[in-house]
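Structure provided below as structure tokens; questions to follow.
Just so it is clear, A, B, C and D label the chains in written order, and each chain counts residues from 1 on its own.
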Amino acid sequence: MTNTRIESAWDRHWRPVRTFCLIAAAVVATIAFGDQPGNDETPIGPKWWPSEWGADDQRGAANRMTADKVLEANKLIREGKVYQLGRVYEEGMPLPGGRHFVLTIPGSPTHPAQGKNGIVAFDELLTAEIGQVGTQLDGLAHVGVRMKDDDYFYNGFKRSEFATAKGHTKLGIENVGVFYTRGILLDVARIRKVDRLPGGYVITANDLQACLDDAGLKIRPGDVVLIRTGHGQLWMKDNKAFVENEPGIGMQAAQFLSRQKVTVIGSDNWAIEVVPPEDKDRPFPVHQWNLVRHGIYLLEIMDLEELAKDKVYEFAFIFSPLRLKGATGSPGNPIAVK
Amino acid sequence: MTNTRIESAWDRHWRPVRTFCLIAAAVVATIAFGDQPGNDETPIGPKWWPSEWGADDQRGAANRMTADKVLEANKLIREGKVYQLGRVYEEGMPLPGGRHFVLTIPGSPTHPAQGKNGIVAFDELLTAEIGQVGTQLDGLAHVGVRMKDDDYFYNGFKRSEFATAKGHTKLGIENVGVFYTRGILLDVARIRKVDRLPGGYVITANDLQACLDDAGLKIRPGDVVLIRTGHGQLWMKDNKAFVENEPGIGMQAAQFLSRQKVTVIGSDNWAIEVVPPEDKDRPFPVHQWNLVRHGIYLLEIMDLEELAKDKVYEFAFIFSPLRLKGATGSPGNPIAVK
Amino acid sequence: MTNTRIESAWDRHWRPVRTFCLIAAAVVATIAFGDQPGNDETPIGPKWWPSEWGADDQRGAANRMTADKVLEANKLIREGKVYQLGRVYEEGMPLPGGRHFVLTIPGSPTHPAQGKNGIVAFDELLTAEIGQVGTQLDGLAHVGVRMKDDDYFYNGFKRSEFATAKGHTKLGIENVGVFYTRGILLDVARIRKVDRLPGGYVITANDLQACLDDAGLKIRPGDVVLIRTGHGQLWMKDNKAFVENEPGIGMQAAQFLSRQKVTVIGSDNWAIEVVPPEDKDRPFPVHQWNLVRHGIYLLEIMDLEELAKDKVYEFAFIFSPLRLKGATGSPGNPIAVK
Amino acid sequence: MTNTRIESAWDRHWRPVRTFCLIAAAVVATIAFGDQPGNDETPIGPKWWPSEWGADDQRGAANRMTADKVLEANKLIREGKVYQLGRVYEEGMPLPGGRHFVLTIPGSPTHPAQGKNGIVAFDELLTAEIGQVGTQLDGLAHVGVRMKDDDYFYNGFKRSEFATAKGHTKLGIENVGVFYTRGILLDVARIRKVDRLPGGYVITANDLQACLDDAGLKIRPGDVVLIRTGHGQLWMKDNKAFVENEPGIGMQAAQFLSRQKVTVIGSDNWAIEVVPPEDKDRPFPVHQWNLVRHGIYLLEIMDLEELAKDKVYEFAFIFSPLRLKGATGSPGNPIAVK
């Protein structure tokens, strides 16, 4: 989907030329920086990759959301039971990344009493990195790659071209749309017979496959895959332990998922991927792999406990991010329905 | 649902006593302040009303959300087409009520380049009355009634008992849960054969009934009713006109809807109800009627244009508010699915 | 000084009556609550005291600022050397009281390049309890006393009468004016022959008198008295130790200073007074003693190291608080000039 | 003054080399971009200029603040009368540049009642572009010049080298120190016999000289010069007119002042300089001239009415900016004392 606000007739006329130039640039960049697009085994390094959805694409794997996926998901709803997968946002919650959450309500009504009906009203005031605190969807404007001349994001969009003080003019979370699709829960903690995987545990493709086999399920393109590590049990119980490290997927598991064309990877930890990283010189490689290379979204800090307790491994997954113009992510309360 | 954080064994033990006392207090208050609970025709005035869901209830009409409503809604999904009903949040949007929306992204990455993979990351910083700007769900902690000794909210919860600087300890939006139910669109502008109802137009029960008759539909308990006035077409086109007044329901239409036990009333204007009000000495009476008396939620500043254009009058309505602890409302991007 | 914004001709006409009523109310309150105004030895408790500057006064000890004090201070300037007594405000500084300091600069210019001169401009965005973080002057709207019916502040102004969501309509820091007066440094750490008084050390009137005697100085009405404990050396060195307790004046030393009619008490700690308090059931009594009873301002988290090293015990003290309407305090960079 | 936090022994060792390189770079840049340093008549364009205080300097004209200037200013204090030159900060004030000012006080005490003394306390929460709203000192990190490869600021410091999400690591307002110096008021409105110069009026060197002649004064190096246009009378009276344009100095008057080596130029308008600009293709050239080329500070939105009414044209000027680390400016309440 193109950003309609800034697209003119001129833009449309020259799009084929621009597309050609972008591809040519990608080729040149590939040669110059040693990138091998399409080679999933390439180690993460300073590079970017062209999108499979065309040179103008800003939505990435959200393009896999179709009416058919809605109907496929819908058939999974048999009981009408709804699970809230979002955490409560509150002051005192863990804030990995040095972020903030300041919510204040004036105790004297924000709008003082008026009229014979004596109406009063309160508003809350929030200051927060709203798309990057608590339960959060990382969008495609969140993470990029520093190259020689600029920072590159999904589909080769460059920081110098889209970053403004009021929000990014490309890849903003308002482009994403709605996730209404089949959801899969992979309870790795259970399959590995622990309450909680230890911090630093690298979840492998084998771990994920074992969960699938156990549940008799296969991942299909466009699915949302939620991975339970048990780490979420530390939330608001031992916040220090929650943020200092985490179990999570490694690069191999990330490739296992991207090859199967998922749309969103969610987890009950704060970064989806294992911390500290497998290669200490390459922090957060799974973020780059998913967000920059594949346009796959990450949904962090989920509450998967009730779903896991009920052993609900296949369900309708529904999440409609806030349409925050130019934002890097969105808070939310995603749901699973069975 | 009780607020589990502050409920102790002691509370549970004394709850029946407390419930009795609250009811007694309600009776006394009723006598003292001349309230006639249960009489829907009573003019709005400084009073409060006990909840039909018990003295501890903090969820109001959200109690009407059941598995049956999910299944009923689900049957309305035949094509898998999803409509986004939330507006884009952006600086420059109309902010009725003197509110703020300040979103900033540091253009130098919030998290500077690190590692051989050269990862960079951006966060946005938002300051806003987050539950009361743009598309917004008014919760039960938003509006109250000034009485002699205190401000009273839904179910008689009093400001002096729940208002803290960090959020309300009662009626916060985190108590609401998820709306997954049957949705009805009443396109009053269309039925009255105008593009846009003029500011100050009082929508009546007759207007609503005419829409229902035209579509061959009946409202059922637990439904969400969305009312299209056409006023939303002014959004980001003529912001001054958008905020200075609006067409909306009057008290009679509000009673028509509450009698039919709806859960949420939504609209494409900014206050659901007509502005200026029918009785100039009683501003925003429909807010009190719904939020304080009936626990019915209001969903303001919706984008109903595409739904109306496609003449989708019955659909699955899904909205999962942010679980902002102690907040008065929630932003969101509700969806209709057909 | 009255709040000119809300004073009408009607107000002026009735002011004598109002003054009489306020005094009568004070007498009644005094009888009802057992207060003994004028008795400096009264233990701090839930009470308030009428101001010595009249029933309308909102400035307290700032009334002691006169042209004569300016000239008196001015004579102390002989070398023209200026000492900055304010700390640097920065993220990561200690924030006693659970406060926040979030400063962000968009790295892409807030105001993008324009014109042939290629002008760019940056703004910073700050969210903070601006009057109550870092070096800060506590104003008269900061601290009050909970009584049966309301919270009472300096001069009997009541919360229910002045607290609004946009700031206090009485006692706001914009009423204070400028402090340009004689300053006295009492280096208690030095006189007690330690680098730093330990947390919990109660500074007594004897400690203060010993400093005065050593320097051959006397306190005069309207002076600003700065008390060095050495605690400030922990700032940004051991922030945990800085906030967990502190040496500071006790009630006896507070009375010693208020009897001598000082205008401001400053210190290098974060609350002026000893923490934990002398009476564990009465937290922060010196705040009430000074702010509520005497209208004496408190200037916290000062940098007194260089002044102490140079043994400058008498100087011109100049501080001009931000005129933040309705705020409880002001940040600042007060100076001493010798 | 160097930024001590990031200066190492290594830095000190190599500073002469670095200085040489910077000067060499400046020469190259001068040749490449056609700049003629030292030629005051050069039209403003995309260029930068080396500082007269050395390649490491971050303070600019604040280097002119000396003990001698303090003593010179001090002799001007004869009556002890203090004038507050700062405006009140309040919601609803004009905010040129699309900025924000959101101040909220929770009406329920931020710190609830505790202890037998029933202490309560309030904090305010502010969100604002704190250094760029209301009365404000523009620092050297505020305005720069877009050149081919980067944005250049005072003394050639480059955006890519100092801009971080948490504030600028060079030229932050915390480097400025205190202004205690001789102040001069030039009442151009009075000398031109109008209440208020019209928006767009270009103040010339002749206008300024006429004021000086009338008062029998000469500007000396290190002085602060305040220019009264009368535009400040619109503040909070006609905010729309206040921001839409303004009378102010043109480039010729700016050169007249920089040649006389002033430290700060202040005014009762919002940009010091005339708006719209003399050359419509070069917006805010006086900002670049002063901040980027000469390191002269700008003090905007002052209240000069009382000073002008009393015809106080020579006085002690004192202003101590907030030490906000990495900020582009500072709010304040500067004072004049006679």
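Convention: a contact is a pair of C-beta atoms (placed from the backbone, for glycine too) under 8 Å apart; a residue touches a chain by one contact, two chains touch by 3 or more.
Nothing here was measured: the structure is a model prediction, and the numbers come from that model.
Same interface as A-B, judged by over half of the contact pairs sharing residue numbers, among the pairs C-D, A-D or B-C: C-D.
Centroids built from CA atoms put chain C at 44 Å from chain B. Between the CA-based centres of chain A and chain C the separation comes to 47 Å, rounded to the whole angstrom.
Chain C and chain D have centres, each the mean of its CA atoms, that are 28 Å apart.
The set of chain D residues touching two or more other chains comprises 100, 102, 104-110, 123, 125, 127, 163-165. If the chains shown are joined wherever they touch, the resulting network links each chain directly to all the rest. Those residues of chain A that touch chain C in the complex are listed here as 100, 102, 106-112, 123, 127, 163-165.
Across the complex, chain D meets chain C through its residues 44-46, 66-71, 74, 77, 79-82, 84, 86-91, 97, 99-100, 103-105, 107, 109-111, 113-132, 141-147, 151, 159, 163-168, 174, 177-178, 180, 281-285, 287-288, 318-329, 331-335, 337.
Residues 102, 104-109, 125, 127 of chain A touch chain D in their complex.
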